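The two complexes that follow have subunit A in common; it is paired with subunit B in the first and with subunit C in the second.
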Partner chain A sequence: MQHLGFSHKKIKIGSFDFTCCEGCQLQLANHESTLPAFLELLDIRNFREISSDRYDDYDIALVEGSISREDEIERLKTIRKNAKVLVAYGSCACFGGVNSLKNNFPLDETVREVYGDHSVDTMPVQRISNIVKVDVSIPGCPVSKEEVERIIVSIATGSMINFPKYPVCVECKQRLNTCLFDLGEICLGPITRAGCDAVCTTGKTVCLGCRGPAEDINFQSFMQLVADKKLSLGDLDEKLRFYNCFEAFRNDKN
Partner chain B sequence: MKNFDFITASKLSEMTKINCDIDVHHLTRVEGHGNIHITIRQGKLINATWAVVETPRFFEVMVKGMSAERVPFLTSRICGICSISHALASIRALERAMDIVPPPPAEKLRLLAMHGETLQSHALHLFFLAIPDFVNSPNVLPLIKSNPDIVQSGLRLKETGNAISALATGRFTHPVSLVLGGVSKSPGKKELVTLRKQLESVLPDLDTTLDFCKTLSIPNFIRETEFVSLCNGSTYPFIGGDLVSTDGVRKQENDYLAMTNEYQEDFTTSKFAKLSRDSFAAGALARLNNNYKLLHPKAKEAAEAFGLEPVNHNPFMNNVAQLVECYHLVHDAISMIDALLDTSLEQLSTTWAPKSGAATGAVEAPRGVLYHHMEVDEKGKVIRGDCIIPTTQNNANIHLDLSALVRQALEEGKTDKEIQLLCEMVVRSYDPCISCSVH
Partner chain C sequence: MIYKVIAKPEFEKFIDTLVSGETLSYGPRHVDTDKQGEPIYQFREVNTVSDIAFDYTATYSSAKHFLLPFRENLSRFTFTDDDWEQDIGYEVKPIILIGLRPYDISAINILDSVLLNGHFPSPYYLARRKNTFIIGMDHLPLPDCFSKSLNHHTVSHGFNLFCSDIGDKYYLSINSSKAYNYLKEFRVEDPSYDDDCKLIERRKLIKQSFKTDVEVTGLPSFLDIEFDSPIWTKWGDKCLNCGTCAMVCPTCYCYNIEDRPDTDLQGSSRQKQLYSCNLVDFAEVAGGHNFRPKNGDRLKYRYYHHYLGFAENANQPICVGCNRCGRACLANINPKDVINDLRMEKESCMICVSQSPDKT
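Moving on to the complex of A and B:
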């Protein structure tokens, strides 16, 4: 079939979720006006949330969520075996996401707090790439439908996959927003990878870094900015920890 | 169209002796991971269970020590479908705990956001998750060819719900501008006018959907139960109010624990809940059963078209109750936009200072009443959080429905395949949000 001047077969795709809110796969059903056209490109072989048909002959596996239980490891390894291309999508799959906040507390106390003496299987939260090889990572909480659509089409047509290298700050300035640092808040826009069209800062709430670090960020200079403005380091650390995206920088800093 | 009632005498005698184990692993077309197990021997039901096997995430632990203002951004991540409800439940709990009063226009905008989320969620459930069963299809895709007008109507309704959420909160999923003290960014009046036009344009889509749904055969199954929802006495409830039940219970928001009575069963990772009976139900049908007279007149007309009146005890009618609510949501959203257009949207948030306190925030998420309880210290850091999810409240009811439904199906001489489908359908009709329930 033809799409954007390229001819290719329908893409055999599977979508799988692990420990998460399923908000990323929900994005796939958004942008309703172009949805039937996008679905035309796909041969959906396995997508539990929308279909009762389940097959294991998919080329692309979209994997959402982080890993937090023993049985998820085996299921993920099987998916890796079946798939030619494994795409981790969403901040939980790429970095561990908000689920990783659990790792800041002792595991046995965590279980006792919620379930009392009832035993529940769980383990420290891990990102997908800790368990299997990931071919493409699409960050975001949630992912942007346009980006996922563009990347799936690129994989199908063998085109280059590009992500913005610059930080959210660039997109935020393009949208002519007032800088949240000037309003006395710590915003992770200067160090976070763009591609979200600065959606949070445009809504006048700070960037919490869901897309992970931009390339070649100057973290020291960012720390200096926070210090110059006399903003709270505790607040900064709460933000850096939020999606578990900046662990390397947090550890360096300490 | 399936015929759920037709049966011959010979088939009956043959079928009443069936032996089978129905084992649905990771039920499809629901949010999250749940299993159905049914054991039938000699035509008698031995065991029917609804087991949630979702991995728990421990949000109640994650909020500990977090700054109050950050909490709604975390708890919204409990669920990808009802993130606005979770954000607002946390915001309501924390605002009540710290005596923060948001400006009235912000309250209106939050309510509009809830309308958007509920419309989006109901449309997703009805068209993508529920309807395929009624037309004997594994998913919605064949309907794109066989019933393009229905699919297009569904997509337009869902898109409109998303458009409301995007304008009121900054994006569809995981709201950006719902903050403690109000709303951080006001929508433009021009955008509100455009949204109003979009809402008017989907009014015919509601009728198309209603006409189509009237041709579907809804299983005739009644199991009397208790229905729990919010009730404020003056408007169809979405944010805050008293906690009421069809068995006559009435409690204040902060008494949520006495309304839910959570307990643990060995076969499931999600908790169960009960009130006056062994189980109760929350959701669209519960809201409708407790607040029927407060529905928009057009929504009441839609309910009448299906003979749906309170108190209705058929869980399959939750699908119809969702459609009835879609009528209410679209009409009510139009009136709310008119009110917002007549209001100054300059001042949408209030400044606040942290103080210690504890309170509950209850909202009607698409799938039913949702409670967040938050306790904060004098610095505004959370000491303790508790979240009780609609699906958690529905789990025991779903579990008991399965046994009653299988017994009825065996009496009617249904085959194992038919019984499995009915069981899957009854679970789906609750529109369970399983990731939510194991938060």
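Moving on to the complex of A and C:
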């Protein structure tokens, strides 16, 4: 491909899933208007939702899902060895995601609740960066296809990979939404990384922080806000735990 | 300026004809009710006169984005083999803005001074400004509004038509031939002596209804002197860095520009987004260096820009005193408290014991 005098090769890409719903990978097939152009940038080497061909020579590995079984650790380490760039893809891979809610309960209790007496090989949920080195993290539940395209284009053209550093409030105010705190709710928008175009709050659903903390958030002031508004700290904690994104801050405050 | 009066039912007919036409119209609408039962208003599209909440208090966000969109494509690039072409368009559709308060019109006048009369006039802004028909309306201030302190509780230009409520009529200040021609189709009269008196009474009432006063005399020198004041850290420690204040502000115009290559790499868009000096990477440069890494520094510069002004607008404050930022701030930061804190810091200085020199 030729681009302003620069030529570049198609990006050899593999996409893999661990403990997840595969919804983020499915996003790759969305955004039909640019889908052919997007696929044109890629040489898909390994992606079970798209092709039955399997090759191990990929430059970029997109890894979706968290780690919740011993055998997943070995598989992830092999992918890391094969890939030049490993991308944590979606909130499960980046933070543990919804799956990590089970870490709030004794492991055997969670297994019994779901599988009864059937024995299941499982362990507490971990984000993938606990196991392997992660080069790029694309958060979101699910990821935003537009953002994924932007990042893949950045990689293809060798330009800087950028994520918004500011919180969701910026995008929420740009959409002229009513602040959900004014409606008496707890919203994680002020501490969550933007880039989602405030899709949940525009639908009057509070932000649960799927994109993780924005940069340099003022967690203390946020806690104060929830207290000042006499909202439930229990509710807040539940929301902070939802995607397991705010672990570091939650522990800090104690 | 031409002055007329119009009976309220006739005025509603006039507005209805205006907004039900083909031109996109925006006015204050009741969009939500907050937890305390208070209505929340925003400027939204209106199609009939009944959509408009004429008696609204203040909109949550300003009308700024109609002239200065939150996000805007500035130009398109098309790449050919070893060359590129740039395509810039300034075409915009005309719009009608209804029900702006004097401080919101003042805010637009301030934006004009920066974006039209400064060293680098913005053709994007000009295109929108010239295609915006503005109808202003007066109203009694909210208790926390301090626009009078900044002399923006009345406005004498920057609108096509301004309507003062004098009971069963509106007193119209007609400031453009377009507005005059629109009104020709409707029953308007020359103001009587009584109407003039009522207008004066109305203005007096509005002026006397302000409950919040922020002392801004000498503020520029206070700000200069208090560059290293601990109050910036105190308020900065509260700041959530969320940018809400700048988004709802009628005059914050700072922005960020990004080039976004198309997915097929055949073209690219140059995109502008309104930004805020409170956002963590506002002053970040190549290499990840940040000139203002601390909350307090960023907050301070927002106040500097608002109350000291920039050279572009002859060092005039750009704040109009609407207190939208104060109302929207989740961390309870508002200009009144910050400025009072700053003045207290100086005026009640306990360290300085030397007396003023004697009169000579």
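Everything below uses one rule, namely that the second predicted complex is superposed on the first by the 250 of 254 C-alpha atoms of A that agree within 3 Å, B and C clash if a C-alpha of one lies under 4 Å from a C-alpha of the other, contacts with A are read in each partner's own complex, and residues count from 1 in each chain.
The criterion applied here is as follows: a residue touches a chain if its C-beta (ideal position, glycine included) is under 8 Å from a C-beta of that chain, and two chains touch if they have at least 3 such contacts.
If you're wondering where the values come from, they're calculated on a predicted model, not measured in any experiment.
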Using the superposition on subunit A, decide if subunit B and subunit C clash or fit.
fit
For A:Ser68, decide between first (touching subunit B), second (touching subunit C), both and neither.
first
Thinking of the overlay built on chain A, is A:Asp228 touched by subunit B (first), by subunit C (second), by both, or by neither?
second
For A:Ala156, is the partner it touches subunit B (first), subunit C (second), both, or none of the two (neither)?
second
If you stack the two complexes on chain A, which partner ends up touching A:Thr34: first (subunit B), second (subunit C), both, or neither?
second
Rounded to the nearest 10, the angle in degrees at the CA centre of subunit A toward subunit B and subunit C equals 110
Distance floor for C-alpha atoms, subunit B against subunit C, superposed on A, in Å, equals 11
For subunit A, which residues belong to both interfaces, subunit B and subunit C?
none
Which residues of subunit B touch subunit A once you look at their complex with the stated criterion?
26, 28-32, 55-58, 60-62, 64, 66-67, 70, 73-74, 77-81, 83, 124, 128-129, 132, 138-141, 144, 151, 155-156, 158-159, 162, 169-174, 176-177, 179, 184-185, 264, 269, 435-436
Under the stated contact criterion, what part of subunit A meets subunit C in this complex?
1-5, 34, 37-38, 40-41, 149-150, 152-153, 156-157, 159, 162, 165-167, 169-170, 173-174, 176, 178-179, 181-184, 189-191, 214-218, 220-222, 224-225, 228
Contacts from subunit A onto subunit B in the complex sit at residues 18-27, 29-30, 32-33, 35-36, 39, 44, 48-54, 68-69, 72, 97-99, 101-102, 105, 109-111, 113-116, 118, 120, 122, 141-142, 199-200, 202-205, 208, 235, 238-239, 242
Quick check: in the complex, which residue numbers of subunit C touch subunit A?
31-32, 34-35, 40, 42, 44, 60-61, 65, 70-71, 79, 81-82, 84, 237-244, 247-248, 258, 260-265, 274, 276, 279-281, 293, 295, 328, 330-332
